[in-house]
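In structure tokens below, several structures.
In the two assemblies presented below, subunit A is common to both, partnered first by subunit B and then by subunit C.
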Partner chain A sequence: MSLARFIAKKFFESAITVFIGVTVAFFLFRLLPGDPTAAFLDIRLSPEAKLKLIEEFGLNKPLWEQYFVFLANLLKGNLGLSFVYQGTPVTKLIFGPKLVNTVVLMGLGMFISALIATFLGLIVGWNRGSKLDRITTSVSYMATSAPIFWIGLLILLIFAGYLKLIPASGTVSVELIEADPLTRLADYLWHLVGPLIVIVIYFLPSYLLYVRNTVVGILGEDFIMVLKAKGLKDRAILFGHLLRFAMLTVVTLLALQSPLLVSGAIITETVFGWNGIGLLLYNSVLKSDYPVIQGIFILTIVVVVVANLLADIIHALIDPRIRFEGGRR
Partner chain B sequence: MSYEHLNVANLILTLLRYRTFTLGLAIIVFIGIIAALADTIAPYSPTEFVAGGLEPPSPKHIFGTDDMGRDLFSMTVYGARVSLVVGLLAALLSTVIGTSIGVLCGVVRGFVDAVVMRIIDFMLSLPYLAVALAIVAFLKPSIWIIIVIIAALSWITTAKVVRTHTMSVMGNAFVEAARAVGAGTGRIITRYVLPNVSPMILSSMALNVRGAILFEAALSFLGLGDPSQVSWGTILFYARRAGAFVLGAWWYIVPPGLMIMLTVLGFTLIATGLDEVLNPRLRTT
Partner chain C sequence: MLAAVLLAVVLTSLLLASVNTYAAMKIIRTKELKFEFWSLPWFPQSDKAAEVIAKQLEEVGIKLELRRLESSVMYPKIENFEFQAYALATSQSPNPMGMVNSFHSSYCKPGIGSFWCHADPEVDELIDKVKTTTDKEILRKTLWKIQEKLAYESGFIPVYLTQSVKVIRAEWKNYTVMSGGLVEAYDIWSMLYMYKSDKPEENVFKIAFPSDILTLNPFMTVDLRSIWVINLIYDPLVRLDKDLNVVPWLAVSWEVSEDGKVYTFKLRKDVKWHDGEPFTADDVVFTFTEGIKQETSRFLGLKDIVERVEKVDDYTVRFVLKYPYPFFLVDLASGYYYIVPKHLVEGKDLKKWNNENPVGTGPFKFVKRVEGEYIVLEKNHEFWIKGVPKITKVIVKVIPDAQSRFLAIKTGEVDTERYDTPITLVEQAKKDPSLKVVKAPGIWLVYIAFNTYNFFYDPKVFEAIHYAINRTGIIEKANGGYGYPLYTILNEYWHKDLAAPLKFEYNPEKAKKILEEAGWVDIDGDGIREYVGPTLTPTTTTPTPTPTPSPTATATATPTPTAPSATAPVATVTKVVEETVVKTVVSTVEVIRTMFSTVTREVTSVVTDWTPTAVLSVVLLVIGIAIGYVVRRR
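So, the complex of A and B:
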């Protein structure tokens, strides 16, 4: 299979998954107990907004017709109006500062975790059985067993409660809204520290264990012995040859664990009051803001599918065998 | 692992020689005893207001009290019951679903298998917590709904593992021999497939319990658990709501989280121990 055909096939599969996801989202939110239009209409909306929605989404038509109208509207980026945020369009609410906040938090968190995991995993795997290995492995196991929200609460207790080093909640300090950009950026970063530490603690242990185990597995392979026999220094084998495997492992994990990204965002943003998509979803659930829940639901499926698609493509580029065997897994 | 019938007594004896397994088992037995004897161990009712708010640990209330004056030790003890029941039942249910689907796909193959694999691919890209939140948003959360939601979202790994192993069992000569002498599909499943796949089912179930306990804790922490039950996640929900971290009420935050961590660690160790015994290639030196 050529690379282009492989990518086309994966792209097609991803599109189908997204389509199924959108369909599930549509019917799930129509099966609400009570009024089938509850997914779009609510007493919290103004009468004019309601009429406009009935018109736009064909809410007086049969369900199957509504489904196609829904798909057409989705392509136009129309997902209805939020019940809570004074009828703000859902897409405007999602694709705004909130998404930026989430991307900053999760992106930085995953990047830092991947970076540490790759290098520490290499070193620990290379020295397997050493004291460093045993300590790192057991600490990682403990960390994967601890619930993420509890770690968040502990960090708040220690650094916000006792030491008063980080703010207890939020994304920006209210009194600095008018300040100059640099002060605001510093303030933003100051708020970011707590949630960022939690995200790193959330991702790092499983990445680290995975890289370590991959490295340990590879160390038993013949080519390592050949490299050693060739007289290569340890450092050259580690960073010249093993690093590639470690990076490949991390790329796979980033994609495979992308559903965790969503739970991580929901919980961490809730604990720290970080004004992102996770917190928006949580508040929308509490306030039954169905259009927003539905929108975020679709967004998260797209994110996960795209992450997997990217991983497949990167894999195919790095390792040509995959193209012939039909993909990861 | 060879496909001979595992002798259960032998398996248990082997397992008990593994430190990971015994340590995990010891932890779970300890938590299990707490859960079973909650009525005897807990000095107060977990829902009764027995003291002033946010009292630090004292001889009378060894884990202190929460913001509403409930005894945190009693709440933590009863929490073991909720967390274990939800974890075990949800894991049992998801293991049964996963095993049935896995065996079905592995035995029938063809179209059914292809369809199920697409469903699995789709479910793998679902953000579980978001889905669970969306469902709980419409339904009144109760312990039973939470169990069903967790099971419905977590059968996939079991199904995949069981499917792969079923296929490998079905490829064996003894299955062909059994068919040749007239054994039906049902008999092949009960007589050959299930006994040979059961070790994988066991370790997969241990991991399912772990996942279910963390899931329940997360839902309860978000305030979407069963409001009539006090689980460890619920206590931490109250703690956050009361701002225990700003007030420095460490006794409100530390014990329930430690209990979750300990229980989850226990089931992880059991699963790891099972894997080490049943899958010798993973054994650490």
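So, the complex of A and C:
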């Protein structure tokens, strides 16, 4: 099978996956018990106003009709209108500052975690059984098992409450809204510190333990003995040879968790008032705002599928055997 | 002799009267007094009350089986009358008609948003009388009568009114406390006269909202957060003062015609829009005419009341009503009808208008909104009341988490918050000298309601429940003592002397007696009363044709809204399978949702006292790490 045919086939498969995912997303949220008009808890709407609203959003039409309207709109790049935010287009809600905020927070958090995990894991694994190893692993186990909202509140309390080093909430200081871009960037990063620490505490321990265990496993292999026998220094073995294995583990983990990049961290974003996709999802679930939940769901599906597609294509480019095996099937 | 005759006459007439009134609604009885009792897990004011009520009613032989459901699941079912009983809260407004109207028989229909049902022609007649009378005394008396009748006969049992408790930074002075709580949506007075310093630039008022506002379009407001902001930018015709009396605002004075159907308002002449244009009668006529004509959600309620709005001269407006409505002024003052500038809004589709740059006549000008984060308003220096507002800048900040909000108030990042502070945090605020706790009658009426539409209706049981619940005890346990016992649908804190002076003392013995007299006796000794008929006494053996009073019997009493099975058997089978699948999915999701919210609530209520929690947390962490270290060493 030629490469072009292989890619075409993968594209086709991905399209089908996306279609199935989108269909599931549509029906799943409508099968859920819940009434979007119940979102208006603050004031009891009059029955007439309520019926009007239901009609306006087409909720009185049969489900099948709603589905086809939804598909047609999707092809036009229209994810529908938010029930709660007075008919704001979902695309406008998602693809804006919220997505940027989440990608910055999650991307930076995962990157920092990966960076620290690779080097620390390497060193800890090399010195397995040492005091450093014991402390690091027990702290890691503790951190992975601690509930994330608790860590978030603790950090908020200590750094924002007592020490007053970081702001309690938001992504921007109101006094600096009109300031020059550089000051605003600094302010943004200052607001980022709190949630970023929580995200790093969330990802780092698991990455670290993976890397450490990989390194410990490899240390028993023959080629390490050969390298040592060759008279290579420890540092050379560590950063010349083991580093690659450690990086491979981390890169695999990062690839697996790539959807989190856009779906965000619900709890962290809520605790710190970080105006991202996770917070949007949280508010939308509370208020049964189907179109928004569905939009985030679809975005995540597309990211997963595209990531897989890219991985497949890259693998096929590197390793021709995959192409041929694919052809035989 | 004469006395005896009189007594007999009075007694007979009373008996006849009672027979008459109860004949209005159909009596529906279950085999025993056992109800599935729904409650909203994330609203502690009603959820904790539900727990206490269930316990108290069990003592008199009424079994309420508490079940927690999410609002998005519960509300549609309640609106379709697919429930047995529930405990919830409904919001109060200075206009009593909202509450009273909901007991009109026209609201006793499934699927139109009614949460309770009462269909009594006599009550309907009284409500119609209230709507059209112009005499204050008749109005009050009629309202009293309605409340009394409903207290005894409807399945809607008021329990208590919440007290609003808000925390504000202690340096703020001169605020007004109105029913509903500090800085409520219609309270302009605090926002005008509040200050913390003599230097104007220091008077920046920062308030935390749990989530962003939904709209700045005054025609389409459905949430009080949006209204709170709009209320500062725009002005209504009339407002409520701190005692909830209607006072002039954009209208200086008004005249009401003899028949109560024509209201003529004289408008202020010194008012300017934020863009400098003068405010005139055209703006008022435009706002009301278009708001009603385009069926916007805020103005839709006026459609049945207002016939037309017309301009008399540049500063006089005439409202012609369809019938003499005694609460028209109160409605105008409390219904959030804000006047918009005709020269900027004309020609817009009001339902879709997103009003990104609002221009009003109010005390504050819109500056900037960062969606999901901030709203900034600044003082309108040309405001038509000279010397106010004292506040020079208002900042609304979105902080989603309740703990974070409280922390922000403590550190001074904000001054107060939009909604009530959770009771668990109030105790901490009391200890902090930099904070002040402000109390006021709250907005929520906590009540229990029975499905009188198709499940259960026996007024004697409702009367017994009034005596069987200890309201002060409920307030103590459900809301830390912050609340006022309520017995009728209106109350003195919101409706002053329109509230009927009716009270039910806590008296479980009397409740038991009423139930027994009405024919509810526990014959099988399971602690739940069964219906045996009013003539039978507890000692008589039951000759009733229903001899199996097993606890499972009530399950069959649930009205199942099955369609007539005229369809083909195959279709029925698929339908049944479909229904079962949907039901299973639905109930599983319900359970997960409820579990999730309950756990979150419980956990957050534990993590309330900051300092000990923080110390404890750090200690726990250290101990955990130490244990891990030792274990790995072995």
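In this section, the second predicted complex is superposed on the first by the 233 of 329 C-alpha atoms of A that agree within 3 Å, B and C clash if a C-alpha of one lies under 4 Å from a C-alpha of the other, contacts with A are read in each partner's own complex, and residues count from 1 in each chain.
Here is the rule we use: a residue touches a chain if its C-beta (ideal position, glycine included) is under 8 Å from a C-beta of that chain, and two chains touch if they have at least 3 such contacts.
These figures come from a predicted structure and were not determined experimentally.
Of the two partner chains placed by superposition, only subunit B is touched by A:17; subunit C is not. By the touch criterion defined above, A:63 reaches neither subunit B nor subunit C. Contacts of A:288 after superposition: both subunit B and subunit C are touched. By the touch criterion stated above, A:297 is placed in contact with subunit B alone, subunit C being left untouched.
In the superposition on chain A, contact of A:153 is made with both subunit B and subunit C. Touch criterion not met for A:186: it reaches neither subunit B nor subunit C. Shared-chain residue A:236: touches no atom of subunit B or subunit C. Of the two partner chains, subunit C is the only one that A:97 touches; subunit B does not reach it. When both complexes are overlaid on chain A, the residue A:171 reaches subunit C alone and has no touch with subunit B. Applying the stated touch rule to the two superposed structures, the overlap between the subunit B and subunit C interfaces on subunit A comprises residues 32-33, 141-142, 146-147, 149-150, 153-154, 156-157, 160-162, 168, 270-271, 282, 288.
Interface residues of subunit C facing subunit A in the complex, by the touch rule stated above, are 70-73, 75-76, 90-91, 98, 107, 112-114, 211, 214-215, 217, 220, 222-225, 295, 297, 300-301, 303, 351-352, 354, 368, 370-374, 376, 395, 397-401, 403-404, 407-408, 410-411, 413, 582, 585-586, 589-590, 603, 607, 610, 613-614, 617-618, 621, 624-625, 627-629, 631-633. In the complex of the two chains, the subunit A residues touching subunit C come out as 31-36, 38-53, 56, 84-88, 96-98, 133-135, 137-139, 141-142, 146-147, 149-150, 153-154, 156-158, 160-162, 164, 167-172, 174, 177, 270-273, 275, 279-280, 282-283, 288.
On subunit A, the positions that touch subunit B within their shared complex are 13, 17, 20-21, 28, 32-33, 129, 141-142, 144-150, 153-154, 156-157, 160-162, 168, 258-259, 261-263, 266-267, 270-271, 281-282, 285-286, 288, 290, 293, 296-297, 300-301, 304-305, 308. Every residue of subunit B that touches subunit A in the complex is listed here, in rising order: 121-122, 124-131, 133-134, 136-138, 210, 214, 217-218, 221-224, 233, 236, 239-240, 243-248, 250, 253-254, 256-257, 260-262, 264-265, 268, 285.
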